[in-house]
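In the two complexes below, chain A is the common chain; its partner is chain B in one and chain C in the other.
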Partner chain A sequence: MSTATSSSWGTALVNISPYTFSAIGIAVSIGVSVLGAAWGIYITGSSLIGAAIKAPRITSKNLISVIFCEAVAIYGVIVAIILQTKLESVPSSQIYAAESLRAGYAIFASGLIVGFANLVCGLCVGIIGSSCALSDAQNSSLFVKILVIEIFGSALGLFGVIVGIIMSAQATWPTKV
Partner chain B sequence: MAGFSGDETAPFFGFLGAAAALVFSCMGAAYGTAKSGVGVASMGVMRPELVMKSIVPVVMAGVLGIYGLIIAVIISTGINPKAKSYYLFDGYAHLSSGLACGLAGLSAGMAIGIVGDAGVRIRFRNMCHPTSTPWRDLALQFLSLLRRDLP
Partner chain C sequence: MYGFEAMTFNIHGGYLEAIVRGHRAGLLTTADYNNLCQCESLDDIKMHLSATEYGPYLQNEPSPLHTTTIVEKCTLKLVDDYKHMLCQATEPLSTFLEYITYGHMIDNVVLIVTGTLHERDVQELLEKCHPLGMFDSIATLAVAQNMRELYRLVLVDTPLAPYFSECITSEDLDDMNIEIMRNTLYKAYLEDFYRFCEKLGGATAEIMSDLLAFEADRRAVNITINSIGTELTRDDRRKLYSNFGLLYPYGHEELAVCEDIDQVRAVMEKYPPYQSIFAKLSYGESQMLDKAFYEEEVKRLCLAFEQQFHYAVFFAYMRLREQEIRNLMWISECVAQNQKSRVHDSVVFIF
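After this line comes the complex of A and B, so read on.
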């Protein structure tokens, strides 16, 4: 099983604690999701406020775009909480066992998936929400139609959450001997 | 650890492959959705009745995210060192398949975005001044592939 240590990648990876990978994964899952949500809200919000100067009727309806962006941050929080409940303490003789390493990698990849999928989802929903506000200001029949496009965009964050949760089921630590 | 066979670091590459599949496909889907959505909204200001017909590029871009989801789930459920030995070979194979799916999805999404954005704006312009006959041109092109003597 230690044939992996014959290569330099293997030696480097095997000597990093799985808890390092897990912690980075959890941090990325919430941090980058919140970055995506914030970016989307700032894109939508600035267009919404600017367009509402001449068309104040759009403000209350177009808050839905802001809520879609916020949902992305909530996905990140949920997955971060789920991932940190997957952490278990193992005796120090088993921290670098193959099964612990695999659990650490699973949590790391799961966090990466959720974080970056939510980042691009937040950006996408923000850009579409901004054009939704601007076109709603021109013609109020367009609001529902552009909202359909926004719903397609927000599905991307859900994909990330689904895969992240499926992958986190692989994070099984060795039982205490 | 009974029955855990294979290389220790191979799951790192396998899980990263699943991550690459989903993340890059979602990037492509997001780009396609956002860029063509902005084009649809801009066109819809002038012609609201054309908006629902022009949603096709958005749907196409959304499908890319689903492709990435499927590949990511297949890869991630295939990493089971207890049931089947998972060597570095398998890890690298999963990494490359995830990168292949993801980067292809990213490029497809960017193409869908750019083409969708340009297409809906041209559609609007054509509705105002109909000058082209797209279906007839396409049919003529296919026929000319079959019959060399057609122009």
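After this line comes the complex of A and C, so read on.
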């Protein structure tokens, strides 16, 4: 325990173990990404099923939208695995050292970035996928054009993953003295 | 919150919205109508329709066909589509879908009461009723002698009950009262539907209020024109206009005192959306007014499909199908009576 005598929010935050922050970061990274992916898949899926009744030809092509949403969950899993390999144990005298706190915060931030970027990306791709299925059912030349919009949407998740991985590279725990 | 419906609409409404858009793709196009208009007989019409979505419904009809059979079978398709959607729907979509049929219920009630007044057989009248507006105790309407009995015996158990509070009297039913009853009920129904859509909020409220306002204004104009020269007083006429719409309240003040069609035209030309409708008619002519209103309505209904994640597409689809059935009836009648030159007088193309 660090010897803190004053009571303020700053002191409270600094006295939370960096492992707590890391664990929350990893949980958010996978949990919220999967939430985004699931949200996107149900939005696309319900429209796709209904539209495919009158226009069965759209089913195979429009599964691409579902795959784009699923990719978002995979990003979350990959980053969660990367983050958990960054966890190292430090001796108890070092837990609240500045280096440890920095590593903990880096993992936390990385997880948050990836989780929320994938949440909105999944949502975005899902809504576009739903519109894509309905438009394709009416006019099949629209499919490829709307797919381009979806590709731009799925790039949002990639941005999150890239920044998350760069952040997690910062997570160096102090070496054992 | 308007704008964020895309995130949660598909939980309950996504499947049905996709289905109704699939149905919309099956509406007859201009090319279909051109083929139908060139038919020589009702059997040709049946042959052309067999290639469309009406095929399975008309297939087993023996020749010689009647126009009423064609219309009845096409209406059956609409009813099947509607029932399929209604049984899949959850609240609030199921209430919304039920609201769409109350107009037909009102028409059926008035049909049976009028028919009974003119001493027609109840079974014959029941066959003429619109299938979307049927309810369980409809046959007992023939028993009622005045409006109070009508309400107490039959209508208090139907969804139309709340609309009756304004028009219960103990006067005996006659032709004039029945028309007033129909319009009062319809006014109450439109206002109720409008309030319901406002409560739903979002894109549904915005699009439905435009469509219902147009409906209210159109009914106001029709009531005005139909009551010119009858004994309906100005106050009674004002009471039949709905409390919303572009014409409310100043347009209604002016319409209430109109005594001929040119005065109605003068009132309506002050409102830009209706000015374009009335500009198409030459002076003194009112036969084309119905068609002009239908064309404007079809234009607005098609626009409802431009937005996703709202309920107005269901309303729009039902109305477009009804318009299509009206078109088919007109074409069949023209073909059956050998008046094909008049076919284009009343057909409104949807696409």
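The criterion applied here is as follows: the second predicted complex is superposed on the first by the 170 of 177 C-alpha atoms of A that agree within 3 Å, B and C clash if a C-alpha of one lies under 4 Å from a C-alpha of the other, contacts with A are read in each partner's own complex, and residues count from 1 in each chain.
Rule of thumb we're sticking to: contacts are C-beta pairs under 8 Å (C-beta built on N, C-alpha and C of every residue); 3 or more make two chains touch, one makes a residue touch a chain.
Because the structure is predicted, anything quoted here is derived from the model rather than measured.
Participant: May I ask you to decide whether A:W39 touches chain B, chain C, both, or neither, giving the answer as first, second, both or neither?
Facilitator: The second partner, chain C, only.
Participant: In the overlaid three-chain picture, which partner chain does A:F159 touch, first (chain B) or second (chain C), both, or neither?
Facilitator: In the superposed model, A:F159 contacts chain B only, not chain C.
Participant: In the superposed arrangement, which partner chain does A:V14 touch: chain B (first), chain C (second), both, or neither?
Facilitator: In the superposition, A:V14 contacts chain B only.
Participant: In the superposed arrangement, does A:K145 touch chain B (first), chain C (second), both or neither?
Facilitator: In the superposition, A:K145 contacts chain B only.
Participant: In the superposed model, does chain B or chain C contact more residues of chain A?
Facilitator: Of chain B and chain C, more residues of chain A lie in contact with B.
Participant: Is A:F68 touching the first partner chain B, the second partner chain C, both, or neither of them?
Facilitator: neither
Participant: Looking at the overlay, does A:W173 come into contact with chain B only (first), chain C only (second), both, or neither?
Facilitator: Neither chain B nor chain C is touched by A:W173.
Participant: So, does A:A55 touch the first partner chain B, the second partner chain C, both, or neither?
Facilitator: Once the two structures are laid over each other on A, A:A55 reaches chain C alone.
Participant: Can A:S131 be said to touch chain B (first), chain C (second), both, or neither?
Facilitator: A:S131 contacts both chain B and chain C.
Participant: Starting from the residues of chain A touching chain B, keep only those that also touch chain C in the other complex, and list them.
Facilitator: The answer is residues 123, 127, 131, 134, 138 of chain A.
Participant: Quick check: in the complex, which residue numbers of chain C touch chain A?
Facilitator: Touch residues, chain C against chain A: 6-7, 10-11, 14-19, 21-23, 25-26, 308.
Participant: Touching residues of chain A toward chain B in the complex: what are they?
Facilitator: Going through chain A, the ones touching chain B are 1-4, 9-10, 13-14, 97-99, 101-102, 105-106, 108-110, 112-113, 116-117, 120-121, 123-124, 127-128, 131-132, 134-135, 138-139, 141-142, 145-146, 148-150, 152-153, 155-156, 159-160, 162-163, 166-167, 170, 174.
Participant: List the residues on chain A that touch chain C in their complex, please.
Facilitator: Counting only chain A, the residues touching chain C are 39, 42-43, 46-51, 53-55, 123, 127, 130-131, 133-134, 137-138.
Participant: If you look only at chain B, which of its residues touch chain A in the complex?
Facilitator: These residues of chain B touch chain A: 1, 4-12, 15-16, 18-19, 22-23, 26-27, 29-31, 33-34, 37-38, 40-42, 44-45, 48, 51-52, 55, 58-59, 61-62, 65-66, 68-69, 72-73, 76-77, 79-81, 88.
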